[in-house]
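Letters A, B, C and D mark the chains in the order given here, with residues in each chain numbered from 1 onward.
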Amino acid sequence: MAGNTYGTLFKLTTFGESHGKAIGGIIDGCPSGLEIDLQFVQSELDRRKPGQSKIVTQRKEPDTVDFLSGIFEGKTTGTPIGFEIVNTNQKSKDYAHIKDTFRPSHADYTYDQKYGNRDYRGGGRSSARETASRVVAGAIAKQMLGDMKVTAYVSAVGDLVSEISYQELDFGCIEQNDVRCADSAFAKACEEKIKAIRKEGDTIGGVISCVIQNVPLGLGEPVFDKLHAELGKAMLSINAVKGFEYGSGFAGAQMKGSAHNDLFNEDGSTQSNQSGGVQGGISNGMDIYFKVAFKPVATVMQKQTALQKDGTLSEMQGKGRHDPCVVPRAVPIVEAMAALVMADFVLRDKSVRL
Amino acid sequence: MAGNTYGTLFKLTTFGESHGKAIGGIIDGCPSGLEIDLQFVQSELDRRKPGQSKIVTQRKEPDTVDFLSGIFEGKTTGTPIGFEIVNTNQKSKDYAHIKDTFRPSHADYTYDQKYGNRDYRGGGRSSARETASRVVAGAIAKQMLGDMKVTAYVSAVGDLVSEISYQELDFGCIEQNDVRCADSAFAKACEEKIKAIRKEGDTIGGVISCVIQNVPLGLGEPVFDKLHAELGKAMLSINAVKGFEYGSGFAGAQMKGSAHNDLFNEDGSTQSNQSGGVQGGISNGMDIYFKVAFKPVATVMQKQTALQKDGTLSEMQGKGRHDPCVVPRAVPIVEAMAALVMADFVLRDKSVRL
Amino acid sequence: MAGNTYGTLFKLTTFGESHGKAIGGIIDGCPSGLEIDLQFVQSELDRRKPGQSKIVTQRKEPDTVDFLSGIFEGKTTGTPIGFEIVNTNQKSKDYAHIKDTFRPSHADYTYDQKYGNRDYRGGGRSSARETASRVVAGAIAKQMLGDMKVTAYVSAVGDLVSEISYQELDFGCIEQNDVRCADSAFAKACEEKIKAIRKEGDTIGGVISCVIQNVPLGLGEPVFDKLHAELGKAMLSINAVKGFEYGSGFAGAQMKGSAHNDLFNEDGSTQSNQSGGVQGGISNGMDIYFKVAFKPVATVMQKQTALQKDGTLSEMQGKGRHDPCVVPRAVPIVEAMAALVMADFVLRDKSVRL
Amino acid sequence: MAGNTYGTLFKLTTFGESHGKAIGGIIDGCPSGLEIDLQFVQSELDRRKPGQSKIVTQRKEPDTVDFLSGIFEGKTTGTPIGFEIVNTNQKSKDYAHIKDTFRPSHADYTYDQKYGNRDYRGGGRSSARETASRVVAGAIAKQMLGDMKVTAYVSAVGDLVSEISYQELDFGCIEQNDVRCADSAFAKACEEKIKAIRKEGDTIGGVISCVIQNVPLGLGEPVFDKLHAELGKAMLSINAVKGFEYGSGFAGAQMKGSAHNDLFNEDGSTQSNQSGGVQGGISNGMDIYFKVAFKPVATVMQKQTALQKDGTLSEMQGKGRHDPCVVPRAVPIVEAMAALVMADFVLRDKSVRL
């Protein structure tokens, strides 16, 4: 398998299966001399961990990150930062019964066909457990970004869609509700929705919005590696993501140029921001904002037909403790990937001028 | 500037400004022994060129591609394929008057701020002229893909949105109409829309849909380089693109898991295809389909305020011959980028097994 | 710090400081379905570990490798192989006294100047301890290489230089002597030499020769990534290496073309092998052989002047347990890097033809 | 074929066969705002071109470089620099007779076996003609290096080996003699040697030494991408190179640590420079110096046995105008590759600190 590295200069490489000994990663390219708040890293990881609220999976995993290198006397040394999260309850379960079963809309079948074998325990490498490593690296990246601020929040759960623009929302409220909406009334509605869905033994999709503020002008490498193209790739690489749009997005496709153009102010800022903070693939100093669509979790607590390795179909039913809706726990993952992208572009921009 | 290379094993690197001597590129990693139909390459380029119909820009540029290396006696030799497209009318124009002007929603300002200077003639490197090189490379990639078939078409112009699923459309009709819709009635409506917009001196956005058929099972590197994540990046790297969704896309975020899951048939195919042909970042053998949103062209034939380098605002009016709607000419570009992504994954997949 | 990854498709990324919690790495791109003999990996590591014989450093480090992912039920799954070697005696020592000292011909000064700070304990990242991770990865690579056989041995210690060609040597003898020569008489002389040098409180350089047999024809990417160029880079990336030559090497520069040319046999093999198994950057099926020059270890048990951070010079004396000659323990490192290079080229070669 | 790109941030990708339409390349990552002296680029190319003196091949090729992009109004814009050198006399020759012949110690056989076909005209991609593109890019890199000065010269032709250290040589004399030695008496002897060899219809190898002065402290990424490891790879990627050593090199392997260590001065410089300006993979501010061994040109004007595609052996005789000794024309190539390496590390170093 290739493709376990993200980034060009600020590089994260991850390893680990859901039920192997550990997951973790190596961050290569983090500048030296950066003070690192390790508590902050753990607190970011806690935002993602299972069992944190009533509307997410009730599995208990402590997800404690252990740094193995690259940080000395509280600061980065410029050497690679190795870290791991030991899988604490990987021995207790028996997954032998799903060894030869391909669950619908999971990666079981494609992994098995591509690789010829797979670690079937808990989804193995295809499990979203891998994203814990991204959150760790994102928490380091955030500390590199200085004033730049990355904030994500849930803006839709199923057909409950918030149309309020981010400027009118209260980001302070995001961590105050279990869904991670930036609007407490909307949060309440979403929470009810998720509970109802769970009661049905079903799951539901959702949308996460993300805003990056205080972005320096000039980030992005404007042909194939446009800033928004890398953001898009980063988001689409998160499990269950089905779509990405930034600035005016799909709605922009319906607009006229005369309305869509962002007219300048004298200081180079713009009056509107249909561009979503990116022009020609380069940040223009305005806020970057984008949306990420997540499909419903594939494991439902209902009977569904699955494919057996021998080519027969048979009924199976999801069991165990799964998320009825992935977006509350995906908020820190979206932020982490956004932070990784921005950190990488900050470093890439340094070689543009002598 | 970094970021002028796309691909991991099938790699395209492009160069060239809109009004420099030439644009072109190098394809490195194309397998040897591939018979190349050079006419086909030119015909793909002709689908993108200006002046091809009444609803696109009336500029005349022959856009003739010249291959300089890598093809010998009609076949690839495995060595890098260098090619160029000479800019034939780059000398005639005088762009000195926009040297110090930053047009709204163009890349003028961000390029100038990032690089400190820029080739201001016709947008320079930020011009969509660069995509001609992508079409050349995509036409080589298509010839590598064998049975795999990449088809793009216009599915929306402004608020005219076709809801017909691709299975019910007639791909044979795409090149029969100037808009490149896969439905002649819809094409007619779109064409009228574009003409009306042009008459207003305005521009309009649109959506291109793309379908990839006969995809082998197993393409994609499933963590950061998921198949759909690379498709997303590739599409978002095209000028004017604001959004990307595949399979159920943003609509999938509103669905329940029980409805969204694609149940298997005994042969491993699925009854539905909400997954858009990709599960866990790996192709599952079903059709891949996705949508790409394009914003309206920023150059409108109306007065708009522009920013001067000295920090003053002044009125300017677009002149020259520009596209009122970019999607008809962007269809071959979407196909080209999709073909490049698929060609790269075909090669990457080869190292998965000994 | 960038540059902690080696390889294009078979990729090793390493992390870890000499006295941090652990060192380790991630191998990404190892094909799936490969049976892995974990004992073999540990046995390779044991060939490199300190304290294994009387002529190497007497430090005791068990260097036990722990695999964290990527191997399931005895086989690679195609997912990244994470591994670590816990640093067991890193807490016992106090390095505070060398915190502000730059030892001559060490990396202390350059690291400090480049990064602004450093983990000074035991050389930190610049310690050759990092190469243990390479040996682990090399032992995986060797198991991927099938019939290809990589054998290194000591061919010079100081001015004791063996001129016997590898064909006349007995590779079976290499692990039978502490110096790892392929000739027991020569081994005896080298061992005496090293003991004498150690008695002087001094160190001595040496040369390692390496032979790769049963090489398939066609490995190597022949412009910048010529097979021998990557071998050279890989060897020069090992601590203390000062030179690399393959085939006829520097002696070849003194030869005439008529004598240097390797005339063909009818089966495509060659009568002589001045080319060292590589022609035009591509393996020709003959044995690959090369030499690697190592400088003497910089830490001598004699008084030497060192630079203090405050710009003063002061006398220091090496203490602790260091190698008087690095080549005996470097033999498995040379083999490991050679195996990594070959494994990478085996995978790269797969995309040359459809 | 992969491997046609050199560099990480300052990247050169080349294309072109000896007798195709053109050779050339794209430099991506050159910083913006750099004033470029195009005459200097051409003058560097002229140092490499055939026919420049009596002791090199008498072929006449003007080798005029044409820049296609990336330089505007005399300065780099930060966009990729595309360039080409048209092959002017590629049509006149008929190579059909060697189509099925594999010359000894050429790349004919390995290319043919690896790729299944090849452009056999004049060696095609394996011809050293490719290095002209490197010289162009190197001449751009040199202009980026500011005070850093890269100087190469011939230090051996066959068994004529100059032992004078570079500090005692007169670099001003290098371009004053046809061999490009830095010592006119030695140059005279080498010239006689080359003429005598040519008279025999034979060829001879040689050594090029290279010195880089005014190197800033801190360049190099010290694990796999050590400064000297990249220099080694870059040199070994040049056609006909068999070995590389830097600083004390192979001679250093015979030394004791007490003699080899470079003791510091108070300002961080060192009293001796066995390290060759690199410690732990990072430049220490002292001069970098290294040697590159070239084998004799394989095409001799004598009868030699060649392999036919059908597996038979037959006599052939080199004809045409070839170099009796490659080193005089390789001097600018060594410099170019060294400049590319240093330019890349200058840019890479920028991301080490925020």
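Quick notes
The rule we apply is simple: contacts are C-beta pairs under 8 Å (C-beta built on N, C-alpha and C of every residue); 3 or more make two chains touch, one makes a residue touch a chain.
Computed from a predicted model, the values in this text were never measured in an experiment.
Considering the contact criterion stated above, the chains in touch with chain B and with chain D alike are A, C. In this structure, the chain pairs A-C and A-D differ in their number of contacting C-beta pairs, and the larger number is found at A-C.
Note on chain placement: the centre of chain C and the centre of chain D lie 26 Å apart, centres being C-alpha means.
Separating the centre of chain A from that of chain D, both taken as means of CA atoms, is a distance of 46 Å. Between chain A and chain C, the centres computed from C-alpha atoms are 39 Å apart.
Counting partner chains per residue, chain D shows two or more touched chains at residues 1-5, 9, 14, 29, 32-33, 78, 114-116, 125, 348, 351-353.
Taken as a contact graph, with one node per protein chain and an edge wherever two chains touch, the assembly is complete, since every chain touches every other chain.
Considering their complex, residues 9, 29, 31-34, 78, 144, 146, 346-348, 350-354 of chain B touch chain C.
The residues of chain B lying in touch with chain D in their complex are 1-5, 9, 11, 13-17, 20-26, 28-29, 32-33, 66-70, 72-73, 75, 77-82, 84, 114-119, 124-125.
Chain A contributes residues 1-6, 8, 14, 102, 104-107, 109-111, 113-116, 125-126, 130, 156, 158-159, 161, 197, 200, 202-207, 217-218, 220-226, 228-230, 232-234, 236-237, 239, 242-250, 252-258, 260-268, 270, 274-276, 279-284, 291, 293-300, 302, 304-307, 311-313, 348-349, 351-353 to its touches with chain B in the complex.
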